[in-house]
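Both of the next two complexes hold subunit A, though its partner changes from subunit B to subunit C.
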Partner chain A sequence: MELAPYLILGSIEGLVTAAVLALMAVGLSLVFGVMRVVNVAHGEFFMLGAVLAWFVADMIGGHPAVSFVAALFIAPVLVGSLAVVADATILKRIKYDPERTIVATIGLLYIIQQVTLMTYGSNARPVEPPFNQRISIPWFEWTESGLSMYWPWGLGTTTYKLAVIGFAVILLLAIWVLMTRTRIGLIMRATQLDRDVAQAYGINVDRVYALVFGLGAGLAALAAVLIVPIQQAHYLMGHDPLLLSFIVVIIGGLGSLAGTVVAAVLIGLSDGLISVFFTPTLAKIIATLIVTFVLIFRPSGLLGKHNP
Partner chain B sequence: MLELTSVSSGYAGAQVLREVSLSLNAGEIVCILGRNGAGKTTMMKTIMGLLKASQGQIIFNGTDLTTIAPHKIAGCGIGYVPQGRRLFSELTVAENLEIGLMAGNKSSATLDKVLGMFPRLAERLDQRANTLSGGEQQMLATGRALCLEPQLLLLDEPTEGLQPSMIALIRDTVVALKKQGVGILLVEQRVDAVLSIADKVMFLENGMNRDVMSADHLRDNPDLLKKYIGV
Partner chain C sequence: MKKTSKSLLTPRRQVIKGAAASLALGAVSMPLMGRYAQTQSAEPIKIGFQVHRTGIGAAYGRWYDRTTMAAVEKINNAGGINGRPVEIIAEDDGTDPKRGAEVVEKFATQHNADLAFGTLFSHVVYGSAPRAGELKIPYFVVSEGHHVASGALNRYTLQPGITDVKSQVQAMAPFVADNLGKKVTMVYPDFAFGHDHRDYFSAAIEAQGGQVIEKIAIPPTETSFTKYFPKIPRDTEVIYHVMVGPAVLTFVKEMGEFFGSSRPEIFGFIDSLEATDLSSPGLEFLEGTYFWEGNPRYAQANQSEYDKAYRAAVGVDANGASVSDSKDVSTYAHMFGCWETLHIVKAGMEASGYRGTGDRAKLIEAVESMSDMPHSHAHPQGAKRFNGKTHQVFGHQYITKVSNSKLDLVHTTSIEDTLYPDEVDYTKQSF
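This part shows the complex of A and B:
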């Protein structure tokens, strides 16, 4: 077997993972950065996005493109709204105390999971992608008759996977513009840097927190809607992405959005490549090893502040 | 303009301010003196709503600040320069000032005025706040507050750690603001730096209002300084 074609295949699979992971981890990072809340329920917001996408697609029916686009809007908005309610009714009441928010979001994790199990059930259900043409990737080889092109068996991807990568890139750019070029982004960054002074300068911190928590959850849900045509919706699907998001956020540097994206690409690519050549389990083991080494040698992450 | 009536406040489980009363008029400079830990910063934070008053009223131009949401206090026309400056360290000079403009709903005309007062900030608009020198940081902290065109300015130890030329600049700024009718509540350790410009002095001790007097009276009786704050 030739190595290079499989490197390409692994990279594409890895970039799809990276795209979804980056969106989800940026949500987690934003919530931690601005609110100092470690949201253990972030994976459940992801799961809920996928499950709601299935409900929306099932209800609307018709052409998969129509129902998928509807899900792409409706699921993140619903999940974001749920997060805003959770912020007002739970996190605000315990005054965002770091330890108590961890316990509270663990509770939220189980509530969301069990309610989903009771209503949606334990089946994994697919959502049809809006489009899904197969693309075979050609390969070139020197033979006695010169350069020849052929189509290695199994070397291919789909238009949908490429679209996921493209869409995630656009969304991440949009978040970057939102944070660095808009008034609301400035307000969020100021709140992140000094909550009290921000408040003394007229910033409604409660409202910023509600917005950030809703936005973070909405990003997780959006990532899930993108992946559900590839992976199916299941009530336990939030666990692995939550673990990987934490790994990504820690490697990237807590609260650093750029670092989060870099780390997501790193983890996604290594996951894709190792899964193609070895096993997905080894990929997880290696990701965990990377985070261990980062914690030992660069405790504040690749792009985090105050590295020793 | 500002009237505190037996205001008490503190932190979870620890009362710090005990029934403090004070009044301040437009165009007046009131200086709060007191040893470290006397509760001066706590008083500033209570006025800004960052700490909740457990008792008393804080009336500013007819509004009781203890009854409105903390983030609405700046919009009433109060600019706050916290102790240690507390700039938004990773934001640029321009962004820090922008926060001040937003707080007062002011336009770029106000910004031009503030930059006119601190030309060194105008040269460094795109520089991050945490890369400024100490003096420049104090200019930015003051400029940020002035961007909301406050009627009342709270200054918490603005000369802390500054060199003499910078202290003079801050003092000149305060005097100029007073002439424009801005009320100024000033916390200061350097008694010499404030005695010449203050109208009224308040001595705070263990969170209690020990004495209030005119600055003239204190200049005539310097032994009071020794009695109250040991300098």
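This part shows the complex of A and C:
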């Protein structure tokens, strides 16, 4: 394949990765920003979203679009509720102590993973996409008769992949509006800035924490519902996205929504392009190198708040 | 101000801690509680079953387990081995080599098992076999890797119930070159099992006047594949694919989306779709492509009475799915190996008059002296020929074609097609 069509294919693949990664990492970043909790179980909330999407699609049946839309609502709400319960029963009891929350969420990770294995099983199961047409992408070249259009071999994508990118953009905008333009966003930001002062002003911090933890988990689940028609739901699928989310959050700057999105696009695109042109292993090496350099030269992340 | 900068620094360390913790989680195998089987009366023969209950091999493990239990039930109903019942002690190895070695050790020292058996994934075999050799416990693998016959392992490790990749691949090359095309692009997982495919198929297709024009290795944990497909050269006539793990369905689907309506011929190892329903959405494009199968998943027109009985005993329907859940598709092309291996253990123990762990060497010698095994209830996949020197069995291979989302048998190789010169003589090693 020639260079330019190659580039387009790599970019589309990269953007799909970036879209899902951005949603998931924003959830992780939100939880960390507001609650100062490093949620190691975030990947399992992602996995649960995918598995629940399969259950919902399997139970409802009918046209794939109907069951998929149902899954899109039901799975994140269920996962979010589970996270709220986990917040009230586990994280609150250990007073959000940084070290202990890491250990507690590792425990939560294993519990969710093993319960899924015991109930859902070890199979990777597919969810049918609501729509999925293959689109061949045309390309142009100079021939003797001037500019002509042709369809390069293998250059194509599917409508569903494009829809995932579009839907993720809309969701990210909605989160941005929620955080910056609404009262609940204001309360969250206030709690993030100073928990004690917020409490002194009458904000119910416990409720904000529960809400944020649920929202973060719900976002991970939503990302998973979007990806599950492309990949399959499997009980071990949470680990790699979790690692990538940490990379994205560290590069983007802690608690910075814009930084997280920028970093997700950077990591997603570089993963797509480098894997197409070189090898996927090199893409992973470069992502890790970026993290190293960001930590050395911009410890607070690309768009993190500067230290004076 | 100083205070702020400090509080901004601490959380970053926290995140890195979290990231490190999640990294470590990937490396550490899961410490599942061992199942301590209770000793029973009448001194049963204890077979340690190393099973991939969790990890990437879990779908195979589930069916290896069902096949093993069905075989043991059949053996016990017919009076056991030398009049003693057989007891299976199953331990999860997490499809992890390090854990695999621990499991073998547990069988030998804690359970005092007569032998260890059942491993599929080749990296787990590689991790476990040296420990089995040190502990002098017979280790019957059902892995189809070439590692046994290559001489890399030891006298205690045998593979009498399933053929190895080298012989399978070699027997496919004539069919591929004669019927599909001579310019082949290979897509395979980037570890020992995939490398076996790469090396042996490349050599075998060249012997047929063909050529592998591109080799695409994919990391075993990969979940998205479109980015690899542009590496497929334009003049490819045949794609040869073999993938394993939970992402296999994505792989095949994305391959279909990549090619659209203009695909080359496609020949795959069924490993790419074991435990996967062929009527899954996105697999329509496989119609008209070919698969190697160790044992045909769909009951064929010329189904033998042995296959019929074996299918019923394990609980598999004519479509290769569980009789109790038509969505639970079996790993039919591989799991017969457990059934046949246990019958060989029985035959070996009976021939050697096996009485206890002191007779382990006699058991191995008895199996080493085996040769031709007829198509029978003990060998429902077909006749076999065991090579005692290389500890490897040889047998028929099947090529099926997808039509109407089912696999129809189009070619059966002879045992001779699968033979190659010995690379080792384990019988020269001391016990």
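To be clear about the criterion, the second predicted complex is superposed on the first by the 305 of 308 C-alpha atoms of A that agree within 3 Å, B and C clash if a C-alpha of one lies under 4 Å from a C-alpha of the other, contacts with A are read in each partner's own complex, and residues count from 1 in each chain.
Note that in this section contacts are C-beta pairs under 8 Å (C-beta built on N, C-alpha and C of every residue); 3 or more make two chains touch, one makes a residue touch a chain.
Bear in mind the structure is a predicted one, so any value in this text is a computation, not a measurement.
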{"item": "Touched partner set for A:Pro98, first subunit B, second subunit C, both or neither", "value": "second"}
{"item": "Subunit B versus subunit C as contact partner of A:Arg183, first or second or both or neither", "value": "first"}
{"item": "Dominant toucher of subunit A (residue count), subunit B or subunit C", "value": "C"}
{"item": "Touching partner for A:Gln199 - first (subunit B), second (subunit C), both, neither", "value": "first"}
{"item": "Which superposed partner A:Gln231 touches (first subunit B, second subunit C, both, neither)", "value": "second"}
{"item": "Partner chain(s) touched by A:Asn123 [first = subunit B, second = subunit C, both, neither]", "value": "second"}
{"item": "Subunit B-touching residues of subunit A, taken from the complex the two chains share", "value": "183, 186-187, 189-190, 193-194, 196-205"}
{"item": "Touching residues on subunit B, where the partner in the complex is subunit A", "value": "45, 48-50, 69-75, 80, 82, 86, 88-91, 95, 98-100, 102-104, 144, 148"}
{"item": "Subunit C contact footprint on subunit A (complex, rising order)", "value": "1, 6, 9-10, 13, 16-17, 32, 36, 38-40, 43, 64, 98-99, 102, 106, 109-110, 117, 121-124, 126, 128-129, 132, 134, 136, 153-154, 156-158, 230-232, 234, 236-237, 239-240, 242-243, 246-247, 249-250, 254, 272, 275-276, 280-281, 295, 299-300, 304-305, 307-308"}
{"item": "Subunit C to subunit A touching residues, read off their complex", "value": "1, 4-5, 8-12, 14-19, 21-23, 25-26, 30, 53-56, 58-59, 61-62, 218-219, 221-224, 226-230, 232, 234, 246-250, 257-260, 262, 275-276, 280-282, 328"}
